[in-house]
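Should a chain be cited, it is by its letter among A, B, C and D, assigned in written order, with residues numbered from 1 in that chain.
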Amino acid sequence: MPGPLRLTIWNEFIHERTNAAVEKIYPQGIHAVLATAMRQQLGDQIELRTATLDEPEHGLSAEVLATTDVLIWWGHAAHERVEDAVVERVRQRVLEGMGLVALHSAHNSKIFRTLMGTSCMLRWREAAERERLWIVDPSHPIVAGFREEYFELPHTEMYGEFFDIPRPDDIFLNSWFEGGEVFRSGCTWRRGKGKIVYFRPGHETFPIYHDANVQRVIANSIVWAAPTGSSYYGQGRNIAEPLSPIESEHAVDESLHRAK
Amino acid sequence: MPGPLRLTIWNEFIHERTNAAVEKIYPQGIHAVLATAMRQQLGDQIELRTATLDEPEHGLSAEVLATTDVLIWWGHAAHERVEDAVVERVRQRVLEGMGLVALHSAHNSKIFRTLMGTSCMLRWREAAERERLWIVDPSHPIVAGFREEYFELPHTEMYGEFFDIPRPDDIFLNSWFEGGEVFRSGCTWRRGKGKIVYFRPGHETFPIYHDANVQRVIANSIVWAAPTGSSYYGQGRNIAEPLSPIESEHAVDESLHRAK
Amino acid sequence: MPGPLRLTIWNEFIHERTNAAVEKIYPQGIHAVLATAMRQQLGDQIELRTATLDEPEHGLSAEVLATTDVLIWWGHAAHERVEDAVVERVRQRVLEGMGLVALHSAHNSKIFRTLMGTSCMLRWREAAERERLWIVDPSHPIVAGFREEYFELPHTEMYGEFFDIPRPDDIFLNSWFEGGEVFRSGCTWRRGKGKIVYFRPGHETFPIYHDANVQRVIANSIVWAAPTGSSYYGQGRNIAEPLSPIESEHAVDESLHRAK
Amino acid sequence: MPGPLRLTIWNEFIHERTNAAVEKIYPQGIHAVLATAMRQQLGDQIELRTATLDEPEHGLSAEVLATTDVLIWWGHAAHERVEDAVVERVRQRVLEGMGLVALHSAHNSKIFRTLMGTSCMLRWREAAERERLWIVDPSHPIVAGFREEYFELPHTEMYGEFFDIPRPDDIFLNSWFEGGEVFRSGCTWRRGKGKIVYFRPGHETFPIYHDANVQRVIANSIVWAAPTGSSYYGQGRNIAEPLSPIESEHAVDESLHRAK
């Protein structure tokens, strides 16, 4: 095995400094709670750093991204304040193989939406209601370690269907909400060579990221989204010389051998 | 059944006016050949118009799009000249349900790439080589009417893997090329409520769109991509009133009932 | 268009004759109610017949199947009484292109299980609880005509996850149940050239098949599952003569040119 | 991490004892070459044993299967001689989580066909032709370590489309054949909790399993197919007591609370 998986946890870090109720739950920020939890869950398997909106380049310089294997994204109030250039830089790194774990309100982040191509919008209701997350793909590595068919969160913000996402490659969790909705709460996609996970729980006014089951899903998502596979070819390649003989004597317009 | 399917065929219409070899094959433009072919294939099932790059708003005004059920896209030399505002308008109409059939070099168009989220790049070689298109999903409506396992094109531009696209919902054609490559030549995706088809054949220096099999696939694609299904919900919806009773007495931060 | 779609509705037809409560809801049998409903929904688009367990060959002779485009299957109490030879005959017809719409307890029928390869088992509870069916693929033809994000059934038998099925090609409905479960209630798969729909509602002790929304989904499923596409090649084919030249002079063991 | 992955390599072991050309390539049997190769590739990560057709219960007793994490299957001439009871036992273990790696002519084995539900048939030609295997999912763990877009085998038996399989969950390799065909050569499915890989190369008259790239794909397949995830629920479960309150006062027929 190579060295540890290099994890970067990104948090916009606004609610925790402007809303007393949120600060009480996450006094050092959501990223700090996630960092502690992932260190407990994954130990030596990971190297970890955090980044926030207010840092230069939102803490996501080219160098940081080049040395990130998996990026966790949490944002809610300030999606529009994330600079387009940084979003494009993150997107390129995902295409090259960096994993992306989008949490909760990150459904509406620029980076998630640009990778999906859809509106990524949904129903919601903030009524502190019960959520029951059903495992619908028991062989999926992201649900490793669960012994029951579901797990619960007692008080959550509801997200409901229709969730306007492209068809997921995998759906591993379907949520039931007390108030009457369902939601595809655990989904994956691949874009370029990068693996993307969306995991629904996480509203800032509830202590969701202190929950052991939620932490386990996030830890498993990180491991699953780490780069694997072969080389990435995301550029046009003019292969003038065929690999195998061609019999054609048809005229070809050489002027069209342009670069893509 | 409602009225006829409203088809708009978009062509950048450049090569046909600047390259004598292309003009010879498509004297009135690729869109004119496709228009004639689709009228023959689909008759009264469709109403048809064309649009080109040089028209105001590239011929794709809000009114045109609002009355288009399926849009065919052919572009190659001038992808960057298509205005971003028009691309975004087309994207919104796709999400609302308009079908999109992207042909050949449209893999690199702004509209296709923004809906996919990936680079959409590939290998290519212009060597007038043989292509054999194998049907790998015989139940797919887009291959309706084919009696053999494959069909052939004698002289084509090669496109080869790795083709940097999101995992297709459906793959109905896999191409074999004489020079040694393979390609997922017929693919579909859904974005929002819109159905998207990518169909590979179509290089401007070969008479591809005069081929009966190619015309049949395009005609079938149009019918398949036409709007069907239920209403589209692509906006955030705050559902303050639950559908079913909630027992929680947990405090909720009303300040967060913001619009998405 | 060719002639009308030839529909066969199969019902084991036991509960209606042995249970007074069921007989009251379906005095002529579930198949009779479905037949009337499908005639209303689809009119001249279909030709329709019914078949039941007690008929010779369960009403599914080779001739009947050969002239069936789509088969609806309802069974519950007597799955094991369906003869294996008939099951295999139905399976072959599905592979050749006949559509199959499996309703409710047909999840446990021999024909559905043999096409899936899995146990097809699930949670259940008969508590007359509310079911809300959410549309999660608004572009799917099977949900054509729905104007809301969901529809409801006031009293149903609950089916819950984990539902042990292969990953569906399409999931168009996810159910919410009052008692706390979720379920993938509308799914499709392809086997050979045949299209398969599973649609959950339908317990015999509730008047589910009198419901207009349920009828609409079944009618749309029939149209969707009708044979389309190209020829089916489900046999081994020894292609001794290559389509394109082969340069190899490597020795080949001719004794192995056996039929598959 | 738990103990080593327990691998069982099954080979029908007929051609190697009856055909001198095959014996020359695989004097101790295909399973012996695979065993050596997997020990080299995976070292301490695995514990390994082999099993063959002529052993009692084909070497696949309940005890062997209960202590197998991943089963490799190679068969060709004697599919019909594999006892149905053993096939069913293997199937149950796959549903419970055992990985299955089906090689080459195992497309036509009872165990593969029963898990797929289709004919699993294909075109073939034994002409010692060139095969080029293109990587079409560069992020897939099964292609980890490849640095090029493809790898080649100089002399192979051709398998061509249409390959009558259910839609794969993943397609990681598409083959090009010199003689004119393409083939989905690397595919995965999930059945129950078990992960299944089909990998095409491997004809007995060519030294395919001595090839380093082929060995790498098989080694990666084993690691990918190893059991992960949560508990498996493959039995019916009557959940008489709802998880959440139900308001219904509708009459329920208790006689129907039967076991599934």
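Simple rule for what comes next: a contact is a pair of C-beta atoms (placed from the backbone, for glycine too) under 8 Å apart; a residue touches a chain by one contact, two chains touch by 3 or more.
This is a predicted model, so every value here is computed, not measured.
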Option in B-C, B-D or A-D whose residue-number contact pairs overlap A-C by over half: B-D
Taking each chain's C-alpha mean as its centre, the one farthest from chain A: C
C-D or B-D - the one linked by more C-beta pairs in contact: C-D
Cα-centroid distance, chain B relative to chain C, in whole angstrom: 31
Computed distance of Cα centres, chain D from chain C, in Å: 28
Rounded Å distance between chain B and chain D, as computed from the means of their C-alpha atoms: 36
Junction residues of chain B, two or more chains touched: 123, 130, 132, 135, 137-138, 149, 160, 162, 167, 178, 180-181, 190, 192, 233, 243-245, 247
Interfacial residue positions of chain C with respect to chain B in the complex: 97, 130, 132, 135, 137-141, 143-149, 178, 190, 192-195, 227-233, 243-244
Touching residues on chain B, where the partner in the complex is chain D: 123, 132, 134-138, 149-150, 160-163, 167, 171, 174-177, 180-182, 184, 245, 247
Residue ranges of chain C touching chain D (in the complex, touch as defined): 19, 21, 91, 95, 108, 114-119, 121-130, 154-155, 158, 160, 162, 164, 166-167, 169, 178-181, 189-192, 205, 232-240, 242-248, 250-257, 260
